[in-house]
Every structure is written in structure tokens, then in C-alpha cells.
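Heads up, the next two complexes both have chain A, just with different partners, chain B and then chain C.
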Partner chain A sequence: MRRSGRLSLRRRQDMDTPDSGGMTPLGRKTAETGINITSTTGYSRGLTFIRTHTLFGQSPTRRIIPQTSLLQENADPQKIAFLLRKQWTLYSVTPMYKFSYGNLKEYSRLLSAFVAAEKQKGLAVEVGNDFGIKVTLSTLLGLKGTDQDQVAILVQIASRSQLPFENAEDKVVWSGWFCCISGDDLLESVPEDFTCLSLFLANGAESYTAIVGSWFQKTFDCYFSRLTISPLNLAWMAAMWTGCKVDSHMAATELVFSVPCIPQSLDISYAIHPEDAKALWDTVQKTPGEVTQEEVNLFMDCLYSHFHRHFKIHLSATRLVKVSTSIASAHCDGNIKILHSKHLIGVLTLLTELAISQIQ
Partner chain B sequence: MSLVKPFDKLPTLNAATILLVGTDESQQQQLAEAILKEKKTFKINIHVATSLPLPAERDHIRPRIDLIAFMINMQSKHSLRNVEASLSHMDANFFLGKVCFLITGVGRMNHCSVEMNAVRKLGNLYSSPVLFCELDSEGIRAATAQRLLRMLQICAGHMPGVSALFFSSLMKSSIDE
Partner chain C sequence: TLPSWETEGMHQRGMAKNPKQAFQVHRSSLSAWQIEERTAGLKTADLKSAQKHERGKQQSASVQAGNSTQDHLEQALTYFERIKDYIPLKKNEVLQKHLTTVESIALQRGLSPEGLDVLLNVALSGHLVNTRILKCLIPASVIAESSVVSAVSRLCVGKCSSSTQLLFLRWLIAMFDFIDHKEKLHALYGFFFCSLQDEKLCPYVCHLLYLLTRRESVSIGFSLLFLFFQGMQPHLQALLSLYKLFCPELVSITLPAKMKTYFKNSESLWKAAINTIRRRNQGTSPTSQQLILGTGHPQSRKRKWNTQLILPACSTDTKNPTRSKEINHADILSHSESFPVEQLHTFSQLLQNIHRLEFPSQMGSVLRNSLLLHYINCVKDESIYLRLYYWMGQTLQEECTWYKLDNQQYEEEFKDFLDIVYKTECFLQKGFSSCEEFLYKSLPLWDGFCCRSQILRLVSWIPLSSFSAFRHSSTMYIIHCFLSLLQCSVLESLKELLQNWLNWHVIQLDMESDPKISPLNTTLSGLVNSVAELIHFVGWIATVALRLENNATFLLYFILDFYETVCDVYLKYNLPLLVMPPPGVFYSALLSMDAVSLNQLCYIMYRYRTNLVAAKENELIKKTILQFKFSSQTYQEYNQYIMAMVGCLWTSSAFQKDIHPQGIRLDPEVLKKTKVQEVRNSFNIVHHPALMGYAILFLQQAWPEDKTLNFNLIKGRRWNWYLEYLYVQGLQGLKLFIESSINRVSQVSQTKSGNAQV
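And now, the complex of A and B:
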């Protein structure tokens, strides 16, 4: 809905600087006051490393938006275009043991056999029939945040076409890709032989995701878990993505809230004209290239108070479940759709951060 | 609209009053029932309110309030804002141990709309203990009720030699040293 009239913004004074830096305590730190487990050792190998959000349940107070986060030159535009405008389900992956980029063909072969075997379970099919499934593992070049990041891997399951024509194309029935953008924190603390590709995105039938996931888990001793996004992180995404400049047509910023009602929950959808949302964010953001928690709170509070003035509903008492902007859309169950290649790296950086914080 | 003051009324013999402030009325009701179920040696009055200031009309019949517990639900930012607004309607003497914050809803991290920093800052700013409890679970509700009862006993002065000012020792964490 188009905003009419002016909205007065009350700028809050900056609170005193929150906890930052410091050593990570070994093990979880409970949020109860007075109970602490702090590590007194220095930089020890293993799982200790320095991060700004070390305590249980804390989210970072500020995030830096890198200004030049473009895809690297060796990115294949066709493959990158394949990643956009699709609904991906998010998983976080623990580091994989003894994964080698040189053996991708071997892995493809093994995974094909595994998928065929799983699909044939319980069916009386003659031996030797490969069931028309072909799995390919390939690298996705160009999806890197820093140079230490591992190269992204794309896994595709294609069903062999039944047509006898020679140039009939295989139909891709399932795709999944691993990536890790700017996962420096984890990379530093992980020993040799481990490959960190913390974020996994899957599109296609859930049964295939389960099969591929179980093969990777068995072969590389890693663990896949569904990455859910909390309302706090969704609010961060709404604020950060509204602020991004989009050259082409801007879609409306839409927020969906879930109200817990008995018997059925109620969903409220709040759509904001993209230019209004960007104008509001521009007045809130103080330092370009950096977003703080206070700015995100202020942005969301402005939207909530505007809604309350018109509809007398406190959106702050509801739960934010979905955010859609011109850049990307995210759902709290862990579904994401990215719309522009220009901001792909930025979105993936944020998702990698969430995945890494979930694995710890 | 009156300011809630801790020492402007005389205490009643062998009785104590607790005030629960929060937006979720059903949760307040459940906690109040849990407190009443506990074994106690003194008479207890539980007052519930959605926000401060309390209406002035009933001020003369209201007993002296010994402990105020603010209930914040981490899944609702509205509850945090409500509590922040209510805190400005209290006399400063209350913050000498007669206030505590009850935080519920942390168990489901995926549904949290309030960040931990905000809650911790609130506790530091007002020098009051922050208790994390999952009031949806009966066992934790009973445990919280016992804690509140103990704190209430101390705040009402029923324990000789222990005063509400000692609660500030609950809030020291080893990182601060």
C-alpha cells in the first residue's frame, strides 16, 4: 500500500556498546545470570574461535555489507542463471571428511548407483536396468566470497530421456548445490582433510534430497540439518535487502506474519511500495555499508507503528514468517528464492553465516 | 495515574503482595495459580496487570506491593515494548531489589523475535535479576513459582537479616571482573 502523509521518525540515542569480541567460552554459555563457563586457554585448536556473537542465542549487533561482492570472473553465466528464480530448501552441513575435488566423476558414478538402488528397493526389476537415472557432480566456479572459500559443488539428478533420438536432452529432476561464502571463521578452526561447504540448497523431490543426503552423510561423515530462519534473522534480511539498489523493476517488499489463533492460525500479509521502503531505510541507515541491530529494530518498528495506526493491530506481537523483496524472498521454514545475480553473493554470505552458527 | 511507590504504605501483618505485569494474560493466570499452589507460611496477594501505571481509583485499597515481576515473551516484541513503557511509571526505589524480569519463550529459538542483547541490557540498565523460564512447561512453572515466593518473602522483609538489596549479588557474572 502506498504510504500517504509523513511518518515522523524518532531517532533513538545509541545505547552503550554491547559485548563484542572476547574469547569464546568452551561449550555453551547459559543465558542465566551468574552461571558461566569461560575458557582460559589461548588459541587452541578445535572449536574455539573468536566471533562477535559467541553467547547462546545471540545474534550479531552489526553486519557489514561488502560493497563489491560481485561474482568472480570465472563464473559461468548459464550455470548462475540456473540458480536464480528457483525455490531452494536450505540445509546446513557439517565439514565433510576426505572430500576430494579430483574424484567428482567417481562420486557421480557411486551416487548414481546408490540412487538407482534406493529407488529400486522393494520393486521387482531385472538386474542391470539402470532405471534411467544419471547423477552428475560438477563445480560451480565463481561462487566465492574470499579466496579461502572452497569451490561450490553442483549435484544434479537427470532422468534419461525415453525417446530414441540421439540429441534428446535429459530432464533434470533434482538439483542441489553446496557452497560456503566467507566462511572464514569455520575454515580457520577446522583440521586438515575436512572440506567446509556449510550451505546446501536443494530443489526437487524430497525423496531425492533424502537419498542424496544420506549418501553424503555415509560417505563423508557429515551431517545435514534443516536450516530454519528465526524472525529476528528474517527482519535482518528485510532491512538489508530493502536497502540494496536494484536497477531493473523493483517488486514490492512483502512481509507475512503469522498470528497464533485457535483453531487455525491467521496470516497477515503487509506489502510496502518498494520506493517507500527504500526511502524509509535510507533515513534509518547511518553508515553506508554497515547495518546495526538498532537500525533493523527502528526500521521494523516504523513499519509496525504505521500498520498499527491504520489497523490497530500490533504486528510486533505476531511472528514474522516470510519476507519477499526485489532481491530475494525467504521463508522461516528454510526456503529461499534469489532473483538477481548481482546480489547472489551477498545473500549467500548471510545464509552461510546462519548455517555456520547453526552447526556450532 | 499514580506512580507505584514501594514504601508509601504500611505493610500488613504476615502478608506479602506480588504484582505481575505482562501482555499475556493467560500466562499470568497460570503462573499465579502455580504460586498459590505452593506451600507458604504467610498470606499472599497476587495482582496482575497488563501495563503500568495502575489505575488511580483503586489506589487506596491496594496493599503495599513488595515485588514486581515483569513478564517478557521472547516471541513477541510487543511484550518487550510494553514492559519498557511500564518501567518509566515506577518509583526509582523499586529498583533496589524489588523488581525482576521473567523471560519466557527462549526454548523455541526459531520463533524468537526479541534479541538476547536487548533483554540483557534491560537487566543491566535496571540492575534487576533476569530469570529465564519456560512458563509453558508445568515443572518449570512450579520451579519459577518457588523462586518468586522465596524472593517475595525476602522483599516483604519476612526473613531476618536478609534484605532485597542482596539480589544484586545474583547478577554479577565472572566476565565483568
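And now, the complex of A and C:
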């Protein structure tokens, strides 16, 4: 408890001290290719970049809402639809060393064998789909924020149908995808040997996530960590997603707060009619296409005071654990569900930013 | 003290007639020691000096006991070695006895490779129609490959029964990981393969082949396998699936999807004994590094994998099989085959294969491999550090015990990890940037206790360029540490930090003299500024700490220790920088009640003088405009201090001559008001509180009959005697200071500090 108290104090500090210069979340790293690494005992760090930032949990005070939030033309609608309306668990991934898009087929084979081997507890390993398990790595085209972004990758584990029919379809038992939307800052700082796909989303049994993750870690020398979402960032999501236009049916904006009580914690659910929430946000937001920390704070404070007027409860003293809107829903444990393909890129941009700040 | 037998053993060794004999004597005494130690370990508590006599007896008894077990085993082994013909077991008491000895020792401690060799030969010779020996062949450490090969050759002779053959195969499978090399065993692949014909042996041979199979083996195996392939027995199927994995183009047969078990359990007979030995050898066995999957810790819901802090095992990079195939073709022409890191064990191997070495697939594994660390040191590849950077940064962040609540139970593991990181930094003589960032990020949340020594040691490898960033981010932490009585440790690690920077600078200077290497991006002025910033920072916290701790002697020792490095920066490290200690430190040491601190201060001031004099001489000689000159302020500060010191130790004019603004100069009027008699004499080498104890001892020794302790007796010639007395007492710093900074030619009472000024 002592610990969480201290953390919340930090958050408060972050809120109170806006960083005037911070438009981009990540200190842009300058490339210094001139460093000579022959010095065997030097302090030259061998890294061709210098970072100039940030403590835990610091986040930018201003975010731009991406203008080109539509998917690129070459996107496969079927695959994109597959990504929507599913609960994804979030991970951050450090840049992968010597990953090659040309070898996806080979990787599929190796990963299939690895999954089979792990499932068989290390006994015989098998290539192909003979073990009732088939892993496929494929590209997710069109899922890009900028042209520099690396192509997203979809990994699927299918169990072979037990039915004897020819056309019996394989059943997908687990899927995960890597992407990096508008991750230019990271991309510019790493050499060509590395592939930046910093955000990983998994759906399915965690044992499969563990196997696939282990394989990637072993093969490409990367590191997977769970990506949790701080209450501060959840508030950002609440504000940014409330402001988005949705053509079709709008679901209520719902915020879930957690009150640490003994013996069981108490959850408070606060649902707002989407149009009311949008109206409130429109009065708060000053510049279209841009959101600032002050605006987010003001938006949340308005909601808090409204709630206090009716229920005499200070929500600001509780912990925001979940946000759901018509665009997407997010839980602080690091789970997300995206509902609208139109806003897919926007949501992923924010998540990529969070993932990158975790690995830097 | 060494146990008596050890010296005895040495003595015997010296007396021995030939080297071989000497070696044997020494070895037996060593094994006796091991046993002795084990028994002594249980009893250390009650072994006191009063029981010395008793102890001698006990010791010899236990040595005897240990010797006798060892003797029994050796006797048994000699006995088995001599068996040349069939021996029945029944009614053979000697054989029974030796068998029992071997069994009991093997199950308790395991057997040496030599012992295993003897017993394996006997077991498969066909002279003993009994499988008891095979059942107790437990290795204490490893099994020599040669023993296995000769055992296999005995199988070919066909003298042993099929049940013995079967048992031997099971033993071989169970002990596979204990065999020290497997190259020759691989050469026997074809032989084992032929044994597949034997219906009884087939399942076990399959299992063995499964363990032995490598990509190269497949071509030998696959075509033959079909001869035996009947009815899809699980063991054959397993082997075939492995072939299919290695060479999918050769095996076109489709294998059934689900199969639970492939091989019969071979380990069961030896399992308990193997586990005992594994436990004993724990940590050294590479097989203990397993992938931890799925089994989440009950208390940490969110971390179901990557749960344990395990350094990745060293394994060859296999991510591009297509590429390696290409290389295989190229091999024929160029011999450019890469050397697998798993086979790298010695430094000479490293030297021989350095041109064809590849880094392991996970860079984190180099932390435990000093050979690869050597290799890192001479390879120009930024990806090495980048891979390490990401891996280490994430590991530190994920495992940090005070950042994540779930991690608290893993503190020991985290400590070990930090230790390894620190050792690697020392080895490479450079700090990891991921580690530095971790310190910035996590120190503000640190409680000051968890993994304290590890954290403070890591601080000493913070790179120079980023110290000011560190300072800004960790002011809270410094204050926290000082409130929680960590001053000495912090000072120690900051001293090491300073020394690391200075060493780095010296090496840079060496390298710059080599014109081939371009100078590094850190300029000299940048370095001077950073070092000065560190020294000023330490001066500041030292002042605060001394005030908080009422000038504690122990703390003062660490502070002065730091300044012992600072005062010699110019001469020892060739860095044009001298920073005087702040008055808070200087006066604390000067007016200390403790002779050690005063002596230390004298030494430091002597070194400052030497450095300043050398700097001035260099300026005069070169006459060129040097880029860096000590400012006149440094000289001025030094002179002020030296006047205060001379006044305090020599001229008894501490209250008059001190001109430092924060010094102890007092108005004569004020002094009068104190009504202290002989104010003038309060501070000199006789009356200084730190030295008065010596003065009293000196008086007592010089005039034993005089009980009045008349300090005024120490004058003139006696003053010099007293000085000699102090030097003999070990106050060498004082000696150096007085001899360098005080002009003894003029009258003692009129000594001027003028000469002390530089």
C-alpha cells in the first residue's frame, strides 16, 4: 500500500509539472556514427544514440490526433475484421535482431516445430501440420501510421480439424500480432539489423503466448513485457476516444474506478451518455486535432465534480481501472478491445507510443 | 590455522623420494582433509580451544574413518580390475564384500570417472553374471567418453547376456548428459543403428539414437530406417520424426498426429541417485537451465511467463537455416564454417577461432561467459551493445524488486543478477547504459535498503557524460541515503566512480598518442567539468553529512579517503584539475579529536602541495599558453588552508593567523573574554586535542618521575625529539607535511607560513 501511494504521488507530480517543450513523447535521439568502438576500455557506450529523458511513467503533455487514421488501401478487410472486437492482451517488444520478412515461411515451419515440441514436452519434434498444430506467420498489410513503419505481422496457431472431410477448416486456437504504428522515433534510433515491432497483442491461451514469445525471444534476441496502462493514460484514452466521431450506433462511455477496500475492493462504474460526454469534451477541447494534458485533466475533473454533486464521492481519490467507449475499451491490466476499423490506427498509435516508452 | 595434518602432508611431500610418490602422499592427505572438513562442519560450534586435546584425537579418528572408506573402495576397485575370468557370485564372500562397498559408496557420493571405467569393463566383460554393478554406476561428476566407447566395444564381443546389454543401454540413456564428450560416440552411430535389428533392444536403441541424432546423422540413418520400419512403433516413429525435422525432403512418409509417449522410461533405476548428484552439483549443470513456461507463480497473476530471472543459455544463432545451408556449400571452398559458441571452452580456442566465431542467439548469455566478453572487447559491432541494452534494460525493469510489488520475493535472484552485471562492467571496464538508465529511473523510488551494496556498486560505473543528469534525478535519493546512515557506502561508491573516470581518462591519453585512433568525442574540458562537478558534489554532501553526524570519525575517514584521490588528480592521472576540500571538511579534519583524521589531512595537504608545485613548474618550463591552468583562486584557497594548518600545528597562532573567511580566526577581544589561560598555546602539535595523548605519553616516557605533565617542557631540542616520537608512532602524513610545508631553518617560534605558500 505504501508503494502504490508513492506511485500515485508521482503521477500527481507529472500532472502538475507540464513539460513545456514536449510535443513528442520520446526524446529524439541524435545519431552519432562517429564513435569509434575500437576503444576496448572506453566509456564510449557502443550505442549510437543518446537518450535524454524520462523517468518512469512520464508521458507527453500534448498529443496530436493522427490525421490519416484510415487504413491504407492495401489492407485486407478480412484480416482487419479479425483484429476487431476481440480482447487482446498487450505486450511491449524490444527491437528484433535479424528478423527478415522474406523468411516468414521458414519461421512458420520452425515455430510450428517449436510449439509442437513444447506441447509434446520436449520429445519428438515435427515439421508441418502433422501434429495437429499449424503456425502461420503472415503480414498484415496496410496497418501503418507512416510510410516508415514496418509491416505488421500476424501469428496464428491453428489446430487441425479432427474431422475427416477434405474441406474441414483448421480452427484458430491462438493468435497474436506485432505492429508499430508511427514509431518513427524508435525506428530512427536503431540500425538496420533490427526490426521494430514494439507492440504485440495476443488472444488465446497464455501457454501459447508463452511458447510463441519464448521462441521470438530466443530467435530474435528480443524481450516481451506485459504492457499495463496507467490511470493517467486511461484518462487520456477516455478523453481522446470520447472526442472521436462515430457514424453508427454509439455505446455509452463507461469508466470503472476501483476503491481499495478490505476485504474486497469496490468497483464504481460511471456510465455517461456518449452524446453528453462528447458535448462536454467539445467544450473542453480548444484546438481541434490536438489534445493537451490540461484538457484531459479538465475533462476528468468535470466528470468527477458531476459525480460528486450526485453521490458525494470523490472519484479523484480512487483509481481508474477501465475505460470503454464506442471506439475501444481498455483495462489497466493491459487488455484492449478495438471496435472500429476507422479508429484502429489511432488507437494503435497511442498504444505503440506506450509500448515504446516502456522499452526505452 | 591449518589442521596439523596438512603441514604434515607438506612435510611428507618434501621428504618424498620421487615426484610420483610425493603426489600420492599429497593426494591422500587432501582426501583426508575433505572428510575431515565434513565432519568438522557438524561440530565447529563445540570445538573450542579448551578441547584442543580432544580435538586432536577426534581429528585423527575421523581421518582414519575417511581413509578407511577410501581404502575399501580402492581395494574393491583393484579387485575388480584384476578379474580376468568368470567368477560365480554365490559363496564368494570377497566378491560380495567388495560389491557392497562399491554399492554403498556409489549411491552416497557417486564414483570417479576412473572407477566407473573399471566397473563398466567388469560389468560388460561377461565374467560376472550379475547386473548389480550396472545398477550402481552413478557418476560423481562426469563419465569419460572413452569408458563408454570401450564398453560399447565389449558389447560387440557379445559375451554379456542380452539382459545386461539392455540394462547397459538404459544406463547409457539415463546417463547421457553426464558423458563429457560425445564426438566418438557420434562415430558409433552406425553401430547403434545396426542394433535396431534386435527386437528387444530396439526401443532403447531408438531412444539412444534419438539423443545422438544430429543433422549430419540423418543421411546415414534415413535410408536404413525403412528396413526396420514396421507397424509404426512409437519409438521408431519418434526417430523418424526427428529425421523429418532435420531433412524434410528425405522423409516423405506421413506420421500419425497424436502420440503420447514415445520411449520407455529408462531413468527409473538411477533416478533417485541422479537427482541427489544433480542437487549436489547444482548450478553447474547446463541442463538446469530450462525454459520456464506456463506455470505462473500463484501470487503473481500477471506474470505467467518470463517469470524467472534466468540468464539465457549460450546457444548458437540458428535463426536463418537457409543462410546456414548456403554457408555449407561455401565451406567446401573457403572453410568459413562458423564456430559454435557452445564448444568454446578455453582461451586458446577463442584465439584459434576468433575469425569464425558467431555471437550466441541471445546476447544476454555473454554475461556468464568471460571468453565471449573478451571477444566483445575486440569486435566492432554496435548491435552487440544494442542487443544487450534492450535485454538488460527490460530485465532490470521487470525484475526490479522495489518497482514491482510482485517481485519482492525474488530479491535474492535480483541481487545475483545485479552482481553479475557489476562484475561484467568491471570486466569490460565500462558501464552499461541500460544499467545507468535503470539507476536514474529506479533510484527515486528506492527505499535505500533493498540490494543496497549492489546498487551502490553499480553507481560507480555511471558514465562521465551523464553525471549531471544523474545528479539531477537522484538528489532525492542522495538525501534519503544520508538520512538512513548510508553515508560511508555512498562515499565509497562515489570514490570508485571518480577513479573509474580518471582511469578512463588515462587510457584515453595513451590512445591519443597513437595517431591512428581518432580522439573520442569527450573533450578534455568536458571531462574536467564533469570530474569537477562530481568532486564539488561530494564536497557538498560530505559537509552536510559531517554536520548531521557531528563530525563522526568513521565518516570523516571515508571523506578524506575520497580526497586522497582528489588531491593527486594532476600528477597521478594527468588531469589538469585540483579542487580543494570545502571548509566544512577541512576544518572538521583539522580540529578533529582524532589523530588518524589529522594525519590523513596532513598527507592530503602535502599531496596538494606536490601537485600544485608540479603544475607551476610545468607552466614555467613550457612557457606556452596552456589550455588549462589552475586558477589563482585554487592557489589562494590552498594558501589560506596552509596558514590555518601551520597556525594550528606549529606556530600556536590558530586564532590569529587564520585568514579563511570560514576559519577559526577570533578577535583578541573575544579571546580575552573567554578567560582561557594561555589561549595562544591551545593549538600546536603538543596541545592539539588529537595529539595531546601522544604528548602525555611522551612526557611520561621522557620524565617518568614528573607527574605534573608540564607540556611546556616540550621545547627546543625536546620539540624535535617529540616530533621524532610522533613520526615513530606512525604519523607519516604529519611528517610529510611538516617536512614539506614548514621551514625548519628559521627559529621554531618565528616560523612563518610564508614559505609554505606556493
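Everything below uses one rule, namely that the second predicted complex is superposed on the first by the 294 of 360 C-alpha atoms of A that agree within 3 Å, B and C clash if a C-alpha of one lies under 4 Å from a C-alpha of the other, contacts with A are read in each partner's own complex, and residues count from 1 in each chain.
What we mean here is this: a contact is a pair of C-beta atoms (placed from the backbone, for glycine too) under 8 Å apart; a residue touches a chain by one contact, two chains touch by 3 or more.
Keep in mind it's a predicted model, so treat the numbers as computed, not measured.
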By residue count, is chain A touched more by chain B or by chain C? C
In the superposed arrangement, which partner chain does A:Gly289 touch: chain B (first), chain C (second), both, or neither? neither
Would you check which partner chain A:Gly132 touches, where first means chain B only, second means chain C only, and both and neither mean what they say? second
In the overlay, answer first, second, both or neither for which of chain B and chain C A:Pro77 touches. neither
Taking the superposition as given, does A:Ser230 touch the first partner, chain B, the second, chain C, both, or neither? first
In the overlay, answer first, second, both or neither for which of chain B and chain C A:Cys222 touches. second
Taking the contacts chain A makes with chain B in one complex and with chain C in the other, which residues are shared? 32, 34, 36, 38, 55-56, 228
With touch defined as at the start, can you tell me which chain A residues reach chain B in the complex? 15, 18-19, 22, 31-34, 36, 38, 55-59, 61, 228-232, 235, 293, 300, 304, 314, 316-320, 332
Which of the residues in chain B come into contact with chain A in the complex? 23, 75-79, 81, 106, 109-117, 120-121, 123, 129-132, 170-175
Going by the contact rule at the top, pick out the chain A residues touching chain C in the complex. 3-4, 6-7, 10, 32, 34-48, 51, 55-56, 94-95, 97-98, 100, 103, 106, 110, 113, 118, 123-128, 130-132, 160, 190-191, 193-194, 206-207, 209-211, 213-214, 217-226, 228, 333-334, 358-360
Contacting residues of chain C [partner chain A, same complex]: 210, 237-238, 241-242, 244-245, 248, 254-259, 261-263, 291, 293-294, 296, 302-306, 312, 315, 317-322, 361-364, 377-378, 380-387, 389-391, 393-395, 397-398, 402-403, 405, 428-433, 437, 440-442, 444-445, 463-465, 473, 501, 504, 507-508, 511, 517-518, 520-522
